[in-house]
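The two complexes that follow have chain A in common; it is paired with chain B in the first and with chain C in the second.
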Partner chain A sequence: MTSTDTGSTTGVRGPVTRARRSARSVLSVRSVRRVPGAVLVLAGALSPWASVVLPGGAYPDLATLHLFDAPHLVTGFRLHLVLLGLAALLPRAARPAGAGVLIIAFVHTAFLAALGAVSFGGPVALAGGALLVWQGRREPAPRWPLPGRAVVWPALAAAFAGLLWLVSATLTAGGQSRATNPHGGAEFLAFLGFAVALLGILSAYGVLAWLSALAERHRTFSVAVLLGCAMLLPLTGAGTGYWMTVASTIGVYAATAIGLNIVVGLAGLLDLGYVAFLGIGAFTAANLAHTVPFPVAALAGAVAAGLLGVVVGAPTLRVRGDYLAIVTLAFGEIFFRAAQNDLGGLTGGANSIPGIPPITLFGQAFDRPVGALPAGFLYYALTVLMVAGAMAVLANLKHSRTGRAWLAISADEDVARAMGVHTGRAKILAFLVGATLAGLAGAVFAHKLGTVGYESFDFSESVTLLAAVILGGMGTVPGAVVGASLLFVLPEKLREFSDYRLMLFGLALILIMRLRPKGLVSS
Partner chain B sequence: MATLAQQLVNGLVLGALIGLIALGYTMVYGIVQLINFAHGEVFMAGAFGAHFAYLRLLPAGTPWYLALPVMTGAAVAVSVAVAVAMERWAYRPLRGAHKLAPLITALGVSILLQEVVRVFYPGATAPLAFPRAFAGGSLTLGPVLVLWTGVLAVVVAPLLATGLHLYVERSRLGRAMRATAQDPDTARLMGIDPDRVVLATFVIGAVLAGAGAVLYGVHYTQIDTAIGFQNGIFAFTAAVLGGIGSIRGAMLGALCIGLVKSLAGQYAWGGAQYDYVWVFVLLILVLMFRPQGFLGRPEGVRA
Partner chain C sequence: MTLTAQGVSMAFGGLLALDDVSLTVPERRVVGLIGPNGAGKTTLFNCLTGLYAPTSGLVLLNGRPLPPDPAEAARGGIARTFQNIRLFPELSALDNVLVGRHTRIRQGLLAALLRGPGFRRSEAEAVERARAELAFVGLDPAGRAPAGSLAYGDQRRLEIARALAGDPSVLMLDEPTAGMNATETAAVRELIAAIRERGIAVVVIEHDTKFIFSLCDHVHVLVRGRLLVDGPPEAVRADARVIEAYLGAA
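Showing the complex of A and B:
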């Protein structure tokens, strides 16, 4: 609105307006406006947060109950608030920083209120965050020129190191055991708010776009560095057996989500029973686990899932759109019922299949520690490689002839056919590739857990996978990984809300569709 | 022979109940092309509303013929409130968004409603007992035993469906609905407010689902938070089977689903554990070989 207004007046007094505007930004009336919000945030961060000493030790950091006792020693979420409050003084950072402050302050204030403690710092920080969001302007991010090679490699390496830190810190935020830290869930959510704010600020300054353009141009280098960073995760604070197990579970679901991304994101075929492919891979590998080595079992799982994929994909030749979604839902339910009733004695029914041995290669069992590395590192490394492989498959397919055919089909199937795309073959191929990936992930899943039961493959899992793809951004390469990480790490982190877990999940689906229907990583 | 007749009757009753839910699916899809996954939850919420009315609003020992209308009223009120809220807050803002967005939202609404009831309704973590109408009396037709509640369902459901059919065919709002279903843009040019029509569609679907919920409860005498999803899927299957957008089709499809489920549970391979599976096999076959359903028109090219 404002842009059209100035556009219509430029003819009359354009130069004057422009001069006045630039003068205003130099005199920084606007930046002065940001100050009260930032000050409120800082004051909130440094004020005492809880009115009483809470059970389960001082909450969450010792400094919580003290007023200005050692401002330079603030830690935890208060440190994050201080950092965000300072960052809010930057012209473009006010909005994202304010949003982060709102999340952090809201989570902790609500948590304290639930514990029956009055919070002093909370409302102040909330007010500051709201002020920042209200006054911050949404401006298009600046574009930066791409630099030469001398700058590129260090820049990318630093970016990926930062990413590694962020992943490790997010994973370990709030601690692993609810017994030692009863406030873990709140701390984790608050940290998520901080991470969101950081990414938001970087994106507001065009840094994220710049980095992704760089990574796109220097693909091989960035893939290598990213892989290296992923392999370094065990050396960070997340390097315990517990976090390795959590991370490799996320990896399994991420690989599955990438497979689904091929079907839904690229080819536009909505699949509501996708977890069946993971299931068939898992059950196949579980049945073969005692007779053949892992690579053979994994291959068998992938092939079985691929075949099922073709069967499920066959109706796409005749059925479209929402109806196809229902057909896939039907296949998923049939698989679930068959597994539940122990069809052919292959799934163990209600008893599930117990005692699946861990993967063993070259005499090394994957659930044992290697050298100084924690137990579970090998599974983690395996899933990282699997996810990387799946991402490579997705990226290559996306830019291939087949990928273009899929995109054409998802845009308009009739036009695609008219342009000479073999739509039937392409659609079945999408199901075949996606299902094979899921089957492979299923084989790893079975060995990693040591037991496979039908409950792991019910409709809500399919919905979660689909939500992961959509949350991450359909058809994007990193999107499915981001989405799967979020959706499968949240329940792990929010155990004390386990009763409300699904409820919040449903609410989150609605809100995401409302606020960011294109996903977090939109292409 | 007696078993066959009994299963036919059971299937008929189930079909009548599913039909009432299927009508909501078929109406909404016919007008906004949205698979409203949460419609099953509207049904479920209605059942809990009726349960609440019976336990909390009515004095203990109220005879069923007085309780039934009150429970139906409560069920319909709750269903309508839920449906209006979801249309207003979840679906309306997404009109014109990416085509998958409303579907995902519907899944979210479905999960949310199920969980809200499970967590906040006292005792809903386990199945709840529902009062039976007619004091459990039954009609004996030779070897076949039909509970009076089943008779009620089989009588009421077609009546409601016929009423809906007449309403859509004859009334002013019904004409607006058909116009909107055919071409929303032209309908708007003709002075029809699509928002109102869509809201009315949700309300009508919810009224039928609420009525169906009470009939379901008094017949099966047990409700839990999963009845919405399970019967919702049956109902959607029925709506597709009959040809989505068609009221008669929905009832016909529901009848088929009811019969297939009860007969397959008795006679087909795998027995009752696989009755659910046969419904889906039927669905897949129908969609592959007659995607427009029994009574639907073949779908032309549509963006």
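Showing the complex of A and C:
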């Protein structure tokens, strides 16, 4: 009844009302409330931050602002604060922008305080951010209609280019190490705050949902463009041997996490010893490295891990939930201790297996630069392909009879049986597929590092992988990649916080689980 | 196809939940199962769906013993719903029905990975059939909403659609109208009649005797694990022993 009323009203004077409403939303009393917060953020960004000159030079870029003679010199986190302060004037952007300002300002203020300096801009920006979060409106995101063909390709290409920029900027934020940039960790965390705010603003305006619907509809095209963008990473600021190595290490863990996502996210089997499969693949490839070419060694690693997955899976069919977790935990520990004690002379024990040659295909060693591309690019390209392949496995299986059976088992095993699912077979299959992916990743891992030792496969690695899956979003295709990237980049970036690393890690877990209980990428 | 129980007894430790129960579910018939609480209705149900292996006696599907495994029973043509709705709440309505179609979909793991034409055809057929079942029970054929977000009555219908998707010859409904109002109950009655028209035998457990008597071709009354009376609804309704079991001796 009411719906037809509104329908006829909007039918007659729809555009006028809408225009009037949007004019009101910018100029109304409510919108004026956002202004003090935004002004405080801008003031904070342009105020001096450090009260003393810090070792290693001015903090982080410019200790004193040249606001009047060179306003464009507002760089780094100050520039981010300025941008967020301006964005906060948009009605829906105030909350996410405010949250980003809070993170950036908090990180830098706390870091300066730890160095014994007093920050002036910090408290001002913090107050502004808090005001924005408090006053900002929380509304459901608008839904946009999908566009015609002409807009699709440029829109997706622009989106993926933006994603490429975000990945490259996040990866390189804060520089390589403590030696080159003493404030690197703080800058990285603050950049994460900026990235969160950007994504939050886009999501508040429904842009992210629109893009993902678009990408879903034009799947093949999106995958091609995404792969192309990934291959362009070496041409961005991340195009040095160091960042290529970091990125390919992340790729190895991401592929492993995708395998775990099949076991945990789809089939609902809590596996606490999963890193053992990565280890099986790595040790198999390491032992074969001098005798067979890489593709054969990789295949052998994958098969060995897959078989072991079946061996572990079969006896665990009788246990569920917590008990399954304990059995898999024990399996992981058995593998770890066996590798530590050099069982059968296959793992090198405490000496590890050194001197694994780099992958060589068609006479090209993977650790050498190709043309103008940095060293490590080939490993990076290989892991990108591996991650893409693993994502395809997850996506294709998820939308098939097998994947639906897994999801059914994870939701209600008894009902799945009553629907004709042979739950035992399906679970073993999940272990098999997941372990095979981990084994493949392990083979690349061994060649890339050149050395494989048992200590790479201890319990904490399993926990981190599991955390990556849960944080990223259980059962979602990009979830494990996002989670793994975050969790394996953080320790690399936060070296100067190494004393507080686990605490920060725990804090991040709690925050994400509180704010996005279904993971960063929820379906 | 007929489903029969021959002298089925089921003991849990010292408790005899079913004592020498025999019944036949003929093709294209709606068979009702009533009885006071604790009479053993659900236990009998679980024996007939392969969840329990009877302590003694036989359950035969088309003259062959029913394997004591729900997955095999489903493959053999027995589908069921649950007394407390047990959907996969996070999955979409369509995916729920597709899981119900599990036993009738032919897809290998490799085919699913490679997504060749054969796989796509089988997937498209399955989706089409699942949509048809959603429409049959009166739900939105697109089925995009998560099952857990549907209204109570719709969840009950979705359970029936999920069970029908597996091409069953016998459909077992455990209290399909529990918690429903008169209008919704009438709709379920029509739905069950339509299912019988499709050539599927239906077994219904209900507390609502009026519902059973107006719907079923044959009614069995179970009291304290024993089959008290069985016959056409009119005969069972008039039987003094049934009245006594429900209302107590006069």
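Convention: the second predicted complex is superposed on the first by the 479 of 523 C-alpha atoms of A that agree within 3 Å, B and C clash if a C-alpha of one lies under 4 Å from a C-alpha of the other, contacts with A are read in each partner's own complex, and residues count from 1 in each chain.
Note that in this section a contact is a pair of C-beta atoms (placed from the backbone, for glycine too) under 8 Å apart; a residue touches a chain by one contact, two chains touch by 3 or more.
These numbers come from a predicted model, not from an experiment.
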| item | value |
| --- | --- |
| Clash or fit (per the criteria above) of chain B with chain C on chain A | fit |
| First (chain B), second (chain C), both or neither touched by A:Arg401 | second |
| Touching partner for A:Arg137 - first (chain B), second (chain C), both, neither | neither |
| Superposition-derived comparison: chain B or chain C, residues of chain A touched | B |
| Which superposed partner A:Ile470 touches (first chain B, second chain C, both, neither) | first |
| Touched partner set for A:Val393, first chain B, second chain C, both or neither | second |
| Computed vertex angle (chain A) for partners chain B and chain C, CA, steps of 10° | 70 |
| Contacts of A:Asp412 with chain B and chain C, given as first, second, both or neither | both |
| First, second, both or neither for A:Ile326, with chain B first and chain C second | first |
| Partner chain(s) touched by A:Thr423 [first = chain B, second = chain C, both, neither] | second |
| Chain B versus chain C - smallest C-alpha distance in the overlay, whole Å | 10 |
| Chain C-contacting residues of chain A that also contact chain B | 412, 414 |
| In the complex, chain A residues that touch chain B | 264, 270, 315, 318-320, 322-323, 325-327, 329-331, 333-334, 337-338, 340-341, 412, 414, 459-460, 463, 466-467, 470, 474, 499-500, 502-503, 505-510, 513-514, 517-518 |
| In the complex with chain A, residue positions of chain C that touch it | 49, 51, 69-71, 74-75, 80, 82, 86, 88-91, 95, 98-100, 102-103, 105, 107, 109, 112-115, 119, 123, 126, 162, 166 |
| Residues of chain A touching chain C in the complex | 392-393, 396-397, 399-405, 407-408, 411-412, 414-423, 429, 433 |
| Parts of chain B lying in touch with chain A, wherever the complex brings them together | 29, 33, 35, 90, 93-94, 97-98, 100-105, 107-116, 119, 229, 233, 236-237, 240, 270, 273-274, 276-277, 280-281, 283-284, 287-289, 291, 299, 301, 303 |
